[in-house]
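Look for chain A in each of the two complexes below; its partner is chain B in the first and chain C in the second.
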Partner chain A sequence: MAKRPAHPQPSAPRERRRWTLSRLWAIALVTFRQGLRTRLWVLVPPAILVMILADLSSPRFDPVFEAVPATISMSLLVMAVLAFIVGTFFATYSLPAELESKVAQSVVTKPVGRAEIVGGKTLGMSLVVLLMVGCVGVAGYAYTLVRASSIQSLAGERLAEATPRAAYPADLNALQAVATNGPLETYRYYAATSGPEIDIDVGLEAAASPNVRWILGETGMRLVWSLANTPLREWVASAPGRLRLRLSVTPPPEEPKAPVQVLVALGSAGVELTRENRQPGGQGPVYQVTMSVPPSGELEIAVVGPNVRPPAGAINVPGAGDLVLYVVALQSGTLVGAGPGALTLVGPAGQEYAMAEAPAVASARQRQRLALAGRAKTPRELAVFRFDNVPGDVLGQGDTPVEAGFSLDAWSSAMVQAAAQVVFIRSDGQTKTVRFSPESHHSAILYLDREFWHGGPLVVQVECLTDDDFLWLVPDSVRLRLGGGPFAWNYAKAVLRVWLFGTVLSAIGVCCSTFLSWFVSILLTIVLVLVSLVRGFVLEATPLGGLARQLYDAANGWHPWAGWRSVVEHVVVPLPDLRSLIPAESVSMGQVMTLADLGEAFGWAALSVAVFVLVGAWILRHREVAR
Partner chain B sequence: MAEPRPIVTEGLTKIYRDFWGRQKVHALVGLDLGLERGEIFGLLGPNGSGKSTTIKLLLGLIFPTAGRARVLGLTPGTPAVNQRIGYLPEESYLHRFLTGSETVDFYGRLFGLDRRQRRRRTEELLDLVGLDARARARQLREYSKGMSRRIGLAQALVNDPELLLLDEPTSGLDPIGTREIKDLILRLKGQGKTILLSSHLLADVQDVCDRIGILDRGHLKKIGRVRDLLLVRDVFQLQARGVTPQARETILAAVRRAGADIVAAEHPTTTLEDLFLRVVGAEVKGRPAAQGPGAAPGAARAEPGYAGAKPGAAGGNQVSGSPAATDDHG
Partner chain C sequence: MTESPRAEVADRPRGQWQRTVLYGIVLAVVVAGVIHPLRRYVVEPRRQELLGRTEPPGRQLALASQFAFDTVAGYSVRIVPGAPAYELSDLATEAVTLILGGFRGPYVAWLWVKAEEEKQKKVHFDLVDRYTKIAMIQHDYPAVWQFLAWNMAYNLSVQWQSPERKYQWVRRGTEFLIEGNRRNTHSPEILYDIGSFYMNKLGLAQESSYYRRRVREDEGHSTFLIAYEWFDRARTIRERYGSSGYGLSKAVASSGACHAVSYYAVELTQDSYDAFQAGLDARQTGREADARKHFAEGMDALREAVGAWHWARREWLDQAVRFEKEDIPSSLVERYKVFYREADQMATKLEADRAKLTYENLAEVLAQMKRPELK
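Moving on, here comes the complex of A and B:
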């Protein structure tokens, strides 16, 4: 009878040995040699051929501006596909093949940890991916140079043809840049450190009242008073009270004698002001009233409790929420302003509560976009972007007038040919004005002479010059675009990003292959990669997303460090953000990938790889290597 | 404190299960085993008897269903144990895309040897197992089975282990290679190493092992010293050289007079291995793949006295009788 010990040993032995780089590197080198000697490199020439043929056969609407970005995009795509193939098929093959052929038995009986095996495999795969992607990258770079050489001369010819007929000289700037410098220029973008802020060019008359906050009619701007800590709701609960307003008004210059109309509304903080219940006499409560402002600017609005039917001209107090009072100017070109002490609350018994502070000014916005209303004459709105982050000598010194590109994205109604004006203001007050025609969903590039600005703080003031038009602005609507350095280095960084993508993919493949056969590993890896690429959708639209959100909140609540959210999003739930590792399309357009971006990608890739290696090592440690 | 025995198993049991966890095969049942330091222990048994399962359990490649094993006093499969043992799998499972030198170098890296140590060790071991310069530069996919066994043995020795687990070490080798490996095993024993050897080539086991255990269908059926287990206690054998026919008759008559039954009275035969080695001995000397230090002793010496040769080579006379008392053969 077999003697059985009282405490059977655990199924998997514990590894107490610390892992070393030399063993990791040994396994990585063997894996790398395996990749080379199984002739994976034969994939490289077809990949290069596919890249060239696909590029040549793709139609280009505008070769001067589209050919090189398309070529770069194509080469990066081919590299990503190659990394995907190697990462998926080879990474999932190596370990199952060794387990099947029992080579793994020879390896694991050496003093090597499972983490070293999985990590070494992943590193070896990564080296294979690097070699192959690097080869295609070099070929892609050479091919791009060849393509670019013909495009520069083409741009020169186009420029000579287009110059006499150009409606807006600014439109030719890009063509000029390609003809002069070639299509391989790279750009570094500087986002505004603040802005857009909507300001008003009020004109001389209104400017004489410095303490007054102004809004402009028909722009969606509002004067806003917070009444949260006032006794208004309490006062009007039993009997009507009043709001006494003293406004400064300036009629539009086109109709100086026209009465100025304003909308006065009571609302709750956080609830967007709408046009509902504008007219009194309806069934429900009335929160808004339209009034003509007399020359004195004095207005009185009756206010009743939430459940009282208001008489004509009166408004209800909302039943819940922090009270807010809005004033909106209703006619285009009308200036309405208010200063400190312009609002007084009057109770039923005549008691008064004066608001000492001036109202805030809120600009119209739709979701995250601010509206810049168009108007040909003063007064008109201005959008101000401030750039305080550009080094003072960013353009260097020299006599040659070098142009710095400005990319301004603006949107306007498709029915209107909008006109816009940009005023660049240096720190010493010197200005330069450029007019252009913004188009919907297109960016325009405006140029500054190097003689005007070498770098340092800059204010960019945008105005829409066409009546009844709007430019919708976000913080990135205006960006400074400066020369970004050598194209080769930027391209190399993009290739490195593809390599990182392949490395993480390899880690997924190796991890899957620690417990599955080759074929099933391939399938699972492909599924995981596809899910990773659409993880945004997964996180938003699935029950898993709900769990992810809870984890986000738990992580954020657990520790105040905001980076937890990012960690959870990128790695832990549920898969690494593979898409973020693939170079953005903007790289193809010449945008410089900053070292910070590259470093961040490295960081996330390393973290993802570490997670998969540890998971794979854990699985491998708890499975039997031999049967 | 006394050093622990190299291998100890207590009730070691392995039951293979299918995907659903149902018991499929009782590969090893309650194995109690203990190896002494410096001995060569042979595990014998037919196919499927549990030899390889035992070795895999001792290496931590598979986990026991019950019982426990200690290797060098430690839990099998841990890096600390693996640092001190060498393992030759039954089929030399190695990376086929590596060359011979790269293979030994790779395993040297896994043991943390530095570049200089690896280079020296690679040279030593490839000389030892008799792989010449040409063979060293070839990928293992081009190796014959014999060469694979040699490179497998080299990787098993890369760390100069104190315990060797050899699974079918002579499998696939020709008689010369077999003798070389057996010689090498004996030399390793001479260096104080403990060796667990699994084989179903009984002659090989008999030649080199101090003790054996016989497994059958997972059960340890017999264990003991080779000499003791093979001893035929009721038969007496005398071998002598230069016996004349008259003397032979006299001896036979004396045996009969003593009341013993003569079972056999004939000239002994040598082993086929001895004959083969004598015939091709000259070529063996000049054979490139057998010129390492490990090959020299066995290959150059094809005469009685070698541990693998049968006592009483051709030319001697042999008389076997059945004496009344044969408890000691001297």
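Moving on, here comes the complex of A and C:
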């Protein structure tokens, strides 16, 4: 019997793809009007009042430099809290209320998709947040202008007081800038192309030996020879060998006849050189020895095997690792140098191995920071930063501000005011020197005359002029501080980021409200927001961090890409990084938020909102009441 | 989806706005009128009672009579003796703390995290504000005041180079702690730390020559004398109410005042020596009037120094005698006795110097005197 063809079953009408911007916009407008009818805007005047009162009642250590950043920071905080309140308490209200009042049932019978409902609600709440944040933003901007005018006059008074006491005219630059231009100037940085590189002003006599590499005493600089491919270790395994050094030395100018002492040390590559603190005749191997350099500059150091007790003045070869020889000058102001062929290794049988190349010079370093030792007289260390061909059109119309910022280890007497100088060198060799009093962790602003330099290559030398002090330098220690455009635009960008924060929060709230009652969705939204705010901590302090690192290594091994970290972290903790949407402190301090940063924030916010809208739509589609 | 907004607007009774504002004002006044007295007269006395800081009836009577006398004399006194002096200016912070309700915890945790982050990043523009807010919310914890004040006086001050800036941070830390004392009058730890800031930071730090001059300009007294006053209060409060938290031992609380007096005596001795030296210099350059003026100043300072050394001697003697009877290491008591003997010898020697010192023999006597060091 022939099979009868099966009757086609009447299938449930499939939901057409209903995703039009007009319907989305219509729902958004309805939600927006609903927000206005709910009188959410009544929160705006109290928020403005709180902002002003909180700012006025907040103590400041130095109002000239702190009041305006603090005011901006406070206004952004108030906006963020407002966005949080709207996103948490009101974005979660709309859907449960409509489901409760059965309004939703009549809506879903209309040709409207679930994604359009959730997306429209989110967009509507986002508009409410924009309106409220915008109102507070406008008030915050106006209030900041008022504060700025009072700060400018205060800076003028302070400048008049400080001028007689200033050690150098450049010390007043920052105060002068506020007094003249007000505290609302924005800026962006132009980084040096290279630097810092540590060098020495060696003086005329030493400069006559161009092939010699120099180090300066008590600065942490050292001459370094790599002995990895030499036979020293094999030679001294059976009997003692020797290191023959020929050094050039220049005693400090203040003590020209003082004997020059150096520390000679053998170490392993990758192991930081530290001073041994051992008692004479103590047990264990000896890796370093202190010696006086005779006028001839010739030194001979006996070297023995790793397990041999060394006689006085001899050193052991480290048992493992690539061998490295260090020479360190021990007195302040002493110059010690070595050129090509300055080191010869002598074996037990008198065999010789001459090192043809000149030693390398290493500077004192702590993690990523380089130490620049201070000295009142030359020779002294200097740090070099280079700017390659800076375009003149980015420098603006006036003098170019240069920001010099370091951390300062002041070992000089507490009552000695530290001093530093910066030498600007043009491509034609013309120089301009500016002296100032460095503050630890607080940048100095120096001005470079437009007539002296306005674009092109520039070399900047930094020197510390006080004995015993150290400046710690990073690549950003010297950078050009260029004008950043109108304050209003930068502030508006910050407000936009707060709005993005509120929009993502609203998306979370609307998504939670698709399957929970109002109160429960408030609680869930708060929990999700808090976890989002501390997701960095979650990734650091929980096993999820380890999992993220493993995934990152695997993905990077498969295809190297810097963006894997962010992707993997969002896979492991699938919540948006809300903290990154809130403007950083640097924005409050006047640093320009770049359009790229803003675009990135927009991108992340849009992606987060899309995910929450789709999840919310999926949940809503599967809710009984909405089928 | 929703009702027409126009209909809602039409239904809204007239005058609703005014009523809302009026209700808001009434609510604010009632809340303000309740919070402050509640805190001052109910919550705080109860808290003190729970902490075991109530006065016995006899002492209450004595304090009440003192209160009456002081009031008649025109002094501003506290109704609850020894209780924190709540003022009307605290109303705002009290109200904010109350309004925050359960959010106080997360908010103060966020403030702690931000403040610590900013300290590490050397971003200072909001730091004092954050510290103040933390302290306002957690004002009942002496350790909070101590920690934050220490940060300002010791960790933040050294992030600056100029003595002026450093001094401002130390002052800020000290004032912060004095405010902490106002809110925690029974905390000997806070009182001891204030004394310690004056003595160790302002009096003995590397920059102390500058600091001591500034303290004298700002407060009109020697920093060691001010330190003594705070240490003295610390030991009194420690005796009466004990210590809480990580604790402040009786011996330590008590010895601070003795050290402060000793340093005060050293400082006065230095002053007299410096005045005599200035007199000699003036005499050598032929400025006779200046020389006599400096000599007179030196004699005055020497007289005060002798008095201060006697005072230090008494303090150390009391300390040694008292703690001989208490359970503390004997080495500590021995040290007190050494300090006592030093003070006694200095007082005797300076008295003898003073007796034989005349304008004429100044050079000979001064050659035998040694300028003491603050250490």
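Criterion: the second predicted complex is superposed on the first by the 424 of 627 C-alpha atoms of A that agree within 3 Å, B and C clash if a C-alpha of one lies under 4 Å from a C-alpha of the other, contacts with A are read in each partner's own complex, and residues count from 1 in each chain.
In this section, contacts are C-beta pairs under 8 Å (C-beta built on N, C-alpha and C of every residue); 3 or more make two chains touch, one makes a residue touch a chain.
Given the structure is predicted, the values throughout are model-derived calculations rather than measurements.
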Chain B versus chain C as contact partner of A:284, first or second or both or neither: neither
First, second, both or neither for A:105, with chain B first and chain C second: first
Contacts of A:73 with chain B and chain C, given as first, second, both or neither: second
Which superposed partner A:58 touches (first chain B, second chain C, both, neither): second
First (chain B), second (chain C), both or neither touched by A:350: neither
Partner chain in contact with A:437 - chain B first, chain C second, else both or neither: second
Touching partner for A:34 - first (chain B), second (chain C), both, neither: both
First (chain B), second (chain C), both or neither touched by A:210: neither
On chain A, positions contacted by chain B and by chain C: 30, 33-34, 37, 103, 106-107
Residues of chain C defined as touching chain A within the complex: 1-2, 5, 8, 92, 106, 118, 121-129, 132, 158-163, 165, 168-169, 172, 205-207, 209-210
Contact footprint of chain A on chain B as seen in their complex: 10-11, 13, 16, 29-32, 56, 59-64, 66-69, 75-80, 82-83, 85, 87, 89, 91, 93-98, 102, 106-107, 109-112, 139, 152, 155
Contact set on chain A toward chain C in their complex: 30, 33-34, 36-37, 57-61, 65-66, 69-70, 73, 98, 103, 106-107, 408, 410, 413-415, 417-418, 437-442, 530, 585, 588-589
Footprint of chain B on chain A - complex, ascending: 1-5, 8-9, 11-17, 20, 22-23, 25-27, 29-30, 33-34, 37-38, 101-113, 624-627
